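Listed after this line are the structures, all set down as structure tokens.
In what follows, chain A forms one complex with chain B and a second complex with chain C.
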Partner chain A sequence: MAAPAMLHLTIWIGVPVLAAFALSFTSYDVLSSPEFIGLENYMDLLHDSVFRRAMINTLVYVFFVVPVAMALGLLIALMLNMQIRARALFRTAVFIPQVTATIAVALVWLWIYDPRSGLFNAILSFFGFPTHDWLSSTTLAMPAVILVGIWQGIGLKMLIYLAALQALPEDVYEAAAVDGAPKWRQFFSITLPLLKPTTFFVVVTSVISAFQAFDLIYILTDGGPANTTSMITYEIYKSAFREFRMGYACAQSIILFVVLVILTIINRRINGGDRGDR
Partner chain B sequence: MELTRRSLLAAMGVGTTALLAGCGGSNSSSSSTGSAGGDPADVSGDITFLCALFEGATGKETLEGNLLKTFNQQYPNINVTIDYTNYSKLNEKITTALAGGLMPDVLTLGVGWIPPFANKHAIAPIADSLATRYAYQSRVLEPARFDGNLYGLPMVLDVRVGAYRKDFFAEAGIDAPPTNWTDLRKFAKELTVRDSGGSVIRAGFDPFSIDLRQGWETFLFANGGEMFSEDGREVLFGGDEGVEALQLYIDLVGDGSAIFANETPEKGMPSSLQSGNSAMMMTDNSLMLTLLDQAPELIRDDKVGWFAVANPTPAIFQGGTIVSQSATSKHPEAAAALVEFLGGQDAVLAACAQRGSVPGMDELLTSDFVAGNPFVKFALENLDKSRPEGGTPAWMEIREKIKPTLQSAVVGQQSARAAIDELTGIAEAAIARL
Partner chain C sequence: MTVDVVKRTPSARRLEKSRPLVWSAIGRIALYSLLGIIAVVMVMPFVWMVLTSLKSSQDLAASPPTLLPTEWKWSNYAEAMQAAPFVTYARNSLIIAVSHTAINLVIASMAGYALARLKFRGSNLAFMAVLGALMIPTYTKIIPEFLIVRFMPLFGGNDLFGQGGTGWLDTWWALIVPGAVTPFAVFLFRQFYMDLPVELEEAARLDGVSELGIWARIMTPLIKPAFITAGLLTFVDSWNNFLWPLIVTHSDSMRVIQVGLSVFRTENGTQWAYLMAGTTLATAPMVLLFILGQKYFVRGFANAGIK
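Moving on to the complex of A and B:
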């Protein structure tokens, strides 16, 4: 059973990762053969202000999108775990952004953010507030992108938390209720600790997913204005496919890979990994 | 003569139909000689064509249903498979094709793209005799040349110029478009309209209606500047001309007569000029088709005019599409034949008619299409003022950096001088890596 998985891992993951690592030490423009240049790409990255900016933007995006979407996902999962009317409908509604193509999502949000005919400005105008050009403002563009990222990310987190909530043992809650523990105490003392393995899983997958934010940026802002919304993946894409600097893009990818590994290790230390406190 | 939407469409339609129906014109016979020489029936092969033109069902029908049928009448043993794309994906398509070793035999390239691809031997030079096959307008073939060789043939020119609303000008008592930047800023202020709360409801000038890179280059050329030295190894835009061109954007925004926008509207979307949200804007030839489709009364009533931005040198940005041949084609003769055909009068006129673009050869000046499209006519009459972008083998890398760097100055993150200095450094580093 392990052999096909190992084969897949080797061919489709191992080889590309090794190839990217090797190419990161070369000057490779696709048009001609790779030329070994040692650490030059990495040295260039140290002085690349745009890449630095993209790294900061990505961290800001992850910092806001992951915890907010997780908190909202958990909150909605708690509500949808209760016996309420049209529960299936609500679950579907929350999950729909997750299964909708990001391009379609982004196009809808482009309209929502449209400075002249968009929904947001129409609402602001209706209540007499000043309107904004959301995606052209250096201060508003990133929050605007983050908002879409949060909105789109809630569904999957909600689903995972909902599945975990439904698997929690009822007897623990019954015992707590007998001991007179109020609901909020049950949540913080029972639910959250029991959800720790789920939370670890959600954090890791959410961080990786948020670090890979690309299509939203591609459609909504093109990284602008003035690189204020450019992310690491978008810079990798531009270096590789628009600027013909494949070796440089590979070095950027390796940096992203290392950052993700470090964050996963840190998170594992903080959260105690996928061990539950049962 | 009163110009109506019907007459314009009819002229374009008649022109297109005529050329498609009668493809056996003089140029067809010239094509039949083929760059490969000999009997065209002897030229054979299955070739691929990466095409960023002939978009949509109409374009596909024009290319496959008409043009290529004519081509196959001349070259019955060449089978052409077309991969359609658009400009925003063209670069990526070529990169992935190169990386995967599946470079198309024939491909369309943008203006400025020839030196990078030719320098790396990704495209092949074509017969120089093709440069004299038609009476090309001056400057038209310039972007297709590199290192003394001809690497492609222009299919369409997509120029960028200023456009203005004549009715708004008349209301403001202004009788002609600006001829220098002082006038441009003055007119823009006078034409700006605000509501009682001070919000701009009509911008005097909308320079963000085209890509910031292309707009800045237009201003740079109008200011007497150059992008690169003739050999493409020296950056020339870092002087005062480039700084002043960027400062113009900053000043217009500072005046409140232009509003910064991160994104330019997609082709076919209503323009700010059309909706009355601007009195002047930068535009390309697609504006004409959009107006004819969405606001024909503006053309019928002669409310829209065009001008070359000047300070004082009038300049028109010359973009466009060049058809080239891959250097790695397994069927070079077949590929050469297709390039020759696509750069011919019939294909050029068909492509231009579909996109509202400018044909660059004198033979087409008298075509119904040109006569029936005031924008194209204006562009052709002023093509001597046109300037292409690029000019260095490092262009593909540099062009991606221009817009965000310029934006950093427009939004006030750094001065125009600092932004141009930064851009100069980026460009010099890219050239040094060649």
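Moving on to the complex of A and C:
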């Protein structure tokens, strides 16, 4: 009974992963057959300044999006964990960007960032801040992309934290309250330590998904201006489907794969083996 | 896990009451104001999207922009459908999302059941393979997946060795088959089947029910929530997918809604009102689905962690 699924996973995941590895040692343009070139793709990657730039951009994106979205997600989860009315309404509002297609979200933000008639500049000038053509500026495009990444990412983190908060044991808080520990003290001495496993899970899963940001870049900036917002995934797409350098693109995707596997292994180690064994 | 229920013990409530009333009132106001601001920031882009879709070209050109349209142009929607076949795109997406959901629910739940309840040769290996597949990022497999589709033998004018034609490119096969079964769904179903009591299937087996019968008629009805959760997640993922349909289709009639939107932007020098009308069409069904199925989404996302 597992056969259809296993067959499907073998053809569409197993074989492709092995093929990606094999193709990364070749030069291949789809039209003529692949030619074995050893480590040349990987050597070229070392000297590819655009790819290096994309890697740095990816790290910058991950470095800003993940902690900020996590902090905001936790903050909102804490507020929603109090006795408040309309909790479901607030939760829905925060979570909706997560279920919406990134393409749709990115198109809306493209319009919000519009230099002339966009909402963003209108709000900024209303409060007396200078306006900019955000997505066309080499220094501002990345922050603009990061802002959207944070906005879209808060929901999932909030949801996971909220679930964790509601599973926390209450007697510890009662004991602390009886001992006269103030709220902030309870937060730093009880809540945060108890949330540690959750936090770790959120960090790793968020880093893994932030590493793969593509749709946002595709719509908002096309990697520009001057490669300042290009990311690893965008370079893979460009090499494979615009330049038809399949072998080179596979080498790039193997690099990404190695990074993500390392992150996943760390996650499983620290979170006590795989979550499948109960 | 229930996210909606917050339990408060009497002692905790007493402690809250003991704080001065004024401060707690101010605290409440501050809390609700903050939450209100956050909610507005999160929802504003969607409001802006809908408002833009109803603006006239004069309103769109206004700088600074007006929040509300001076004239509500409902006709934008009809005109947008003329400017690009957004309805066809949405229909294509719907066909793909429904197919993915149906196939995934059947095949992944069978596999999940087998992995959870049956001991067969290589069952451990199969489970390890599913866990391994869970870790594979899209971008590692997408290039060879594309090549398999491109060189699919005997399709689209290809010969037995996959040469000469275009294979599955620009066909429903390419859009539906490769993404139809997800390791995540297999994993999720396995977890649910694991929790069912063994006595049930043993009794059925003694009564001579086949394994397929046990799966279909006895075990599966007990895990309906798993089906709703996996179904909703598959549906939304499939509807929102972009990169795969982008690379395997090129004709207008095969485009899905997300690709159609992205192409409309570049082709027509961006007519924002129409684009936002199309985007609203692409967004509204998922928002509605989420609001209706919140409970299941919450469970699915909280378990999955990764979208």
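In this text, the second predicted complex is superposed on the first by the 243 of 278 C-alpha atoms of A that agree within 3 Å, B and C clash if a C-alpha of one lies under 4 Å from a C-alpha of the other, contacts with A are read in each partner's own complex, and residues count from 1 in each chain.
Basically, a contact is a pair of C-beta atoms (placed from the backbone, for glycine too) under 8 Å apart; a residue touches a chain by one contact, two chains touch by 3 or more.
Small disclaimer: the values here were computed from a predicted structure and weren't measured.
Engineer: On chain A, do chain B and chain C fit together or clash when superposed?
Structural biologist: clash
Engineer: Between chain B (first) and chain C (second), which does A:E170 come into contact with in this model arrangement: first, second, both, or neither?
Structural biologist: The answer is second: A:E170 touches chain C but not chain B.
Engineer: On the A-aligned overlay, A:D29 touches which partner chain: chain B = first, chain C = second, or both, or neither?
Structural biologist: Touch partner of A:D29: chain B, not chain C.
Engineer: Pick one for A:G118: touches chain B only (first), chain C only (second), both, or neither.
Structural biologist: A:G118 contacts chain C only, not chain B.
Engineer: Does the superposition put A:P4 against chain B (first), chain C (second), both, or neither?
Structural biologist: In the superposition, A:P4 contacts chain C only.
Engineer: Let me test your reading of the model: by the given contact rule, A:I254 touches which partner, first (chain B), second (chain C), both or neither?
Structural biologist: second
Engineer: In the superposed arrangement, which partner chain does A:T233 touch: chain B (first), chain C (second), both, or neither?
Structural biologist: In the superposed model, A:T233 contacts chain C only, not chain B.
Engineer: Which chain makes contact with more of the residues of chain A, chain B or else chain C?
Structural biologist: With both complexes superposed on chain A, more residues of chain A are touched by C.
Engineer: Check the residue A:R245 against both partner chains and state whether it touches chain B (first), chain C (second), both, or neither.
Structural biologist: first
Engineer: Now for A:G224: first (chain B), second (chain C), both, or neither, which partner does it touch?
Structural biologist: Only chain B is touched by A:G224; chain C is not.
Engineer: Is A:V68 in contact with chain B, with chain C, with both, or with neither (first, second, both, neither)?
Structural biologist: After superposing on A, A:V68 lies clear of both chain B and chain C.
Engineer: Of the residues on chain A, which ones does chain B touch that chain C also touches?
Structural biologist: 30, 116, 240-241, 246
Engineer: What residues on chain B touch chain A, complex-wise?
Structural biologist: 91-92, 95-96, 98-99, 116-117, 120-122, 199, 259-263, 277, 396-397, 400-401, 403-405, 407-408, 410-411, 413, 433
Engineer: Residues of chain A touching chain C in their complex?
Structural biologist: 1-2, 4-6, 8-17, 19-20, 23, 30, 76, 79-84, 87-105, 107-112, 114, 116-119, 121-122, 125-126, 151, 154-156, 159-160, 162-163, 166-167, 170, 173-174, 177-178, 201-202, 205, 208-209, 211-212, 214-215, 218-219, 232-233, 236-237, 240-241, 246, 249-250, 253-254, 256-257, 260-261, 264, 274, 276, 278
Engineer: Would you pull the chain A residues touching chain B in the complex into a rising list?
Structural biologist: My answer: residues 27, 29-32, 50, 115-116, 130-131, 133, 135-136, 138, 141, 221-227, 230, 238, 240-246.
Engineer: Going by the contact rule at the top, pick out the chain C residues touching chain A in the complex.
Structural biologist: Against chain A, chain C makes touches at 1-9, 11-12, 15, 31-32, 34-35, 38-39, 41-46, 48-49, 52, 60-65, 107-108, 110-111, 113-115, 118, 120, 123, 126-127, 129-131, 133, 135-148, 150, 177-181, 183, 186-187, 190-191, 194, 211-212, 215, 236, 239-240, 242-243, 247, 258, 261-262, 265, 272, 275-276, 279, 282-283, 286-287, 289-291, 294, 297-298, 301-302, 305-307.
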